[in-house]
Amino acid sequence: MFRLPINDSIYLKLMLPKDAEILVSALKENQEQIKQWLIWAVNLPTVDVYKKEIIPTWLQKFANNNGFEAAIFVNDELAGMIGLHYIDWNNKTTEMGYWLGEKFQGKGIMTKTVEKLTDYCFEELELNRIMIRAVDENTKSRGIPIRIGFVEEGITREAQLLHGKYCDLVNYSLLRKDRN
Amino acid sequence: MFRLPINDSIYLKLMLPKDAEILVSALKENQEQIKQWLIWAVNLPTVDVYKKEIIPTWLQKFANNNGFEAAIFVNDELAGMIGLHYIDWNNKTTEMGYWLGEKFQGKGIMTKTVEKLTDYCFEELELNRIMIRAVDENTKSRGIPIRIGFVEEGITREAQLLHGKYCDLVNYSLLRKDRN
Amino acid sequence: MFRLPINDSIYLKLMLPKDAEILVSALKENQEQIKQWLIWAVNLPTVDVYKKEIIPTWLQKFANNNGFEAAIFVNDELAGMIGLHYIDWNNKTTEMGYWLGEKFQGKGIMTKTVEKLTDYCFEELELNRIMIRAVDENTKSRGIPIRIGFVEEGITREAQLLHGKYCDLVNYSLLRKDRN
Amino acid sequence: MFRLPINDSIYLKLMLPKDAEILVSALKENQEQIKQWLIWAVNLPTVDVYKKEIIPTWLQKFANNNGFEAAIFVNDELAGMIGLHYIDWNNKTTEMGYWLGEKFQGKGIMTKTVEKLTDYCFEELELNRIMIRAVDENTKSRGIPIRIGFVEEGITREAQLLHGKYCDLVNYSLLRKDRN
Amino acid sequence: MFRLPINDSIYLKLMLPKDAEILVSALKENQEQIKQWLIWAVNLPTVDVYKKEIIPTWLQKFANNNGFEAAIFVNDELAGMIGLHYIDWNNKTTEMGYWLGEKFQGKGIMTKTVEKLTDYCFEELELNRIMIRAVDENTKSRGIPIRIGFVEEGITREAQLLHGKYCDLVNYSLLRKDRN
Amino acid sequence: MFRLPINDSIYLKLMLPKDAEILVSALKENQEQIKQWLIWAVNLPTVDVYKKEIIPTWLQKFANNNGFEAAIFVNDELAGMIGLHYIDWNNKTTEMGYWLGEKFQGKGIMTKTVEKLTDYCFEELELNRIMIRAVDENTKSRGIPIRIGFVEEGITREAQLLHGKYCDLVNYSLLRKDRN
C-alpha cells in the first residue's frame, strides 16, 4: 500500500503479510541466481514463514525507525528487493542491500533505484554516509555503486561464509560531501 | 518517505519520528477546531512525546498489520491525518478516522481521500466492511461518509466523554456489497 | 476460588488453569448450540490449550484491569460463561458477552446474572455505559438485554463472519441515566 | 469484585487499582504496628504507586497462577491483607503471609481466615504443604499458626534485615497428613 | 571462558551454549546418582534443550545479578556444578546448591569449592547469610556444610516431591558472624 | 567474580552492578584521554546509570552469547576495558574494542591482553575473523593490532561523528589462516 516512488514505472513498496505469496514466487523464480550470493536463498523459507515471521520483522525494523526492507515494483510487478539494513542515527550512516530478478536486469532498474534511494537518504533522512558491500566475485552487484559514483574503500576479508567458503566483501561508500 | 497516493496533489505519508515537528505545528494551528471533537487535542502532547511515543506507536500499529495512522499531504503540506484505527482480519472489518486543517476544508480533500482509502480497503486489503463514527453534533465530519454513500446504521449513545459531557456517536458503514 | 456472588445458588468464578477440564466438558456438551453463534466453538480448543493459553489470557485481562471472562456456576455446576470483553476507562464503557448451557436455559439464570453484573458495572466499577451485541437471528440472546431494559441502538451490518456468511449484529445499551 | 468467602462477615477480595485509596488509608492507620515487622511499611508507597505498580503486580501474580495477595474485609471494611506469596506446583507447597489492623485484632478474625484459606489450599488447590514464617519476636503473628495446629520446624537465622538489624524467622508448616 | 578460581586445579566456569555437549555427557555419566536427589535428572533434557533454553536461563540469572549456575572444572575436566540459586539483596542472603560426579567424590573437591565460594559470598558479594538445603537421606550432600561449619537450623518437612514421595529437607546456614 | 586470566598479573572481569563505583572512578581519571576517541566519554554517565542500565546491558550481551564488555584488572586494579562488541555466529566474526588508563599505558598491557583474547576467540569460541577499528588519528590504538599482526584492510570514511566532526576509521583484521 505505502510506496516510495522511484520514477514513472518503478516504486518501492513496504510489504504486508499478504504479499508473502508474490514475494516467494519471485524468489523461487530467481533462486539459482540469488543463492550464489545470499546464503538465506539456499533453503528458501516458506510463504508461511514470510507471512508470520520475516515480513513482520521487516515491518518492525521500519517501525523502529531503523531502516526498512522493501519490494521493488516495475510496472506493478515485483522485480526485486532493496533495503536500508540499519540506520546509525548517531553517526548518520546506513548500509544498503538489494537483489533484482534476472528478467529485470540489464535495464538500469537497480542503478536508478539505488540512485533515487541515495537521494532520499541524504535529503529526507539527512544521513551523511551510505555503504554498499558486495562479495568480491559478484561483479554485477559491484557495478551498481561504481556506476553511481560510490568510492571503493577496501576489502573486508572472509566476512561471509557462503556455501562453506569464506568470501571477501568489497566496501563502497558515498558521503554527502562526495556529491558536491 | 513511504506514501499512498490519492491523486496528483494529495498523498498519505507514514510519519517517522523526525516528522513530529511539522505534525505538532499543524496540530497547534488547528487545535481550537480539533479539540471540539477529539479529546486528546485539549492538551496537545509535545514534539518530544510525538517523536518518542506517539509516532512509534503508530508505526508499531502498521508493523503489526493492524491498520495505520498517516498524515495527509496536499501539495507537500501537512493538511491533516487519516487512519484505519484497527483491522479485524477475522471478520474483515475496519474503522476509519480523520481530521483536516481548517484552511484545507471546503475543497473536497477529505471526501476524495476517504473515497480513495475506501477503494484500498476493499481492493488491496480485501476487507468487507468499513465503519466511520462521528460525534452527533459534528456535522462536517458526518458529511464525509454521507457524501460517499456510507449507510447510517444507528447511534452509540454516550460513547464518548468530551469536555466532561457524554456524547452520542453516529455510526456509518460501507459494505463491499453496497458498492455494486 | 474467587467469586462474584449473584444470588444464593449462582456465582461467577475466575477460572484457574486447573478448571480447564470442567470448562471443556461443559463446552463439549453444548457445542452444537454455541457454535451457531460463536465461531470459535466450531473447532473447540483442547483442554491443554485452555490450560496453557486461553485461561491465562483471561486472567491476564483481569490483571490488566481490562475486564474479565468468568464461569457461571449454578449450584456449584459450571453452567456457562459471562464476561466484560474490555473496559474503556476513559469513556467509562464496557461490553458484555455470555453463553449458557442448554439444560440451564429457561430458568432466568442469565437474566439474573446480567442484571446483577450490570449493577456491579455501574456501582462498583462506576462505568456509564454497558453494551450487549447479539447476532440478529439469535433471539434467545437478544431476549436478555431486552428483558432488563437495555435500549436497542441500531444494527452493525455484516459485523461478524459466521460459517462463511456475514451476519448483522444488533446493538443494545444501558446507560447509567437509563436506570433512574 | 471477586471474593473468597471466609464466613458470614469476612471475605477476601482481589484488589483492583481503584481500591488503592482504601488500602493506603488502612495502611496509614496501622503503619506504626505493621512497620515493626514488615520493612516496606516504614516508607509507605503512595496511592499512585499502589494503583499503577503494586496492585497490578499482585493481580499479575494471580494471573500467573502463582498465588495472590488479597484484602481481608470484615463487615465490608478493609481489615488487613493475606496472601499466598508463591505456589510451587511441582512440590505442591506454598507460603502464607498476612497483617491485620489493630482494631480488628483479638477477635479471632485472622485465625478464622488462615484456617479457611488453609482448607482452600488443601482442597481446592490440592497443595500438600503450607508454610508460615514470622519474626521471632512477633508473638502475635506466631500465635496464629500455633493455634491452628501448624508445626514449628526450626529457625531461619538472620533471614530478614529489619530496621538495620538482622532478625530470625520461625518456620511453621502444616502438611496434608497433619490434618488426618 | 570466564572463571572463578578455587585453587590451582579447580575453577568454576560460566557455561556458554557451546558447552552443552560436555555438560550433558557428564550428566549422563552420573545420572543414576544425581537423579536420586534431583528430580530433573530422571529425564535428562537433550543437548539442544541445554543449548537453547537451560544454559541461556542460567546466563540470564547471572546477567540479572541474581546468582549463577556454574560448572566445576577439575584439571580442565567438568566434574560437577555449583550455583547460587538466587540472591536476596535486601536481606543479603543466598542459597547454594551443587552436585559432583562420582569419580571426583571423596577427594575434598566439593568441600574446598563450597568453602571458597562461601568466602566470595561474604567478601565480594558482601552477603550476610548462606543457606544449604539437602534431602534428609542424602548424607553425602549433608556432609559438606557440616564439615565447613554451617549450622543445622531445622527441617523443612515434605518440601520436595521426589520419585512420587515427599522428602524432608535439612537446612544449614552460615552467617557472617559465625565466622568470627 | 568471574575472570578470564591473561597472565599472572592481568585478568578480565565481568563487572556486576556493585562494580559501578570503581569503573566510574577509573573513567573520570582518564576522561580527558578517552573522550578524544570515544564520544560517550564526553558526558560520563553517573554511577547510578552504570549500576542500573549500562552494566546490566553488558551482562545481557554476555547472557545472549553475543560478546561481552569486561574490565581489565592489573594487579587487582581496574586499568581499562576490553570487549567483543558482537559475535556473528553465522559468519564466525567478531569485533574487538578497548581503552586503557594512562598510567597503565606503555607497558605492553593492552597488546598482551588483545593477543590473549585473540587466542580465546580462535580457540575457545572457534571464530574465524576478528576486526579492530580505530580512528585514523588515534595512533596509540592503531598500534595494538599492528603489533599483533592484524592486517590493515582499508578505511571506513566518516564512519564516526566525534566532537562535531566526521572521522575516518581504519579497519584491521586477523583471520584464522593469518596465524598459520
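Going by the order they are written in, the chains are A, B, C, D, E and F; count residues from 1 in each one.
Convention: contacts are C-beta pairs under 8 Å (C-beta built on N, C-alpha and C of every residue); 3 or more make two chains touch, one makes a residue touch a chain.
Being a predicted model, the structure only gives us computed values, none of them experimental.
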**Study point:** Set of chains whose contacts include both chain D and chain A
**Key:** none
Point to revise | Steps in the shortest chain-to-chain touch route ending at chain F and beginning at chain B | key: 2
Exercise for review: Please identify each chain that touches chain C as well as chain D.
Suggested key: none
Point to revise | Inter-copy rotation, chain A to chain B, in degrees (Cα atoms; steps of 5) | key: 180
Exercise for review: Please state whether the interface between chain A and chain F is built from the same residues or different ones, using more than half shared residue numbers as the mark of same.
Suggested key: same
Practice item. Take the average of all CA coordinates in chain C, do the same for chain F, and state the distance between these two points in whole angstrom. Key: 59
**Study point:** Centre-of-Cα separation between chain C and chain B, whole angstrom
**Key:** 32
Exercise for review: Could you please state the distance in Å, as a whole number, between where the Cα atoms of chain D are centred and where those of chain F are centred?
Suggested key: 50
Check your understanding: Multi-chain contacts in chain F: which residues touch at least two other chains?
Key -> none
Check your understanding: Quick one: do these chains touch in a line, a ring, a star, all-to-all (complete), or other?
Key -> ring
Review point. Going round the ring from chain A toward chain F, what is the chain order?
Key: A, F, E, D, C, B
Exercise for review: Report the residues of chain B in contact with chain C in the complex, numbered from low to high.
Suggested key: 39, 90-93, 128-129, 131, 151, 153-161, 166, 171, 173, 175, 177
**Study point:** Residue ranges of chain B touching chain A (in the complex, touch as defined)
**Key:** 1-5, 12, 14, 16-18, 56, 59-60, 62-65, 68, 70, 120, 124-126
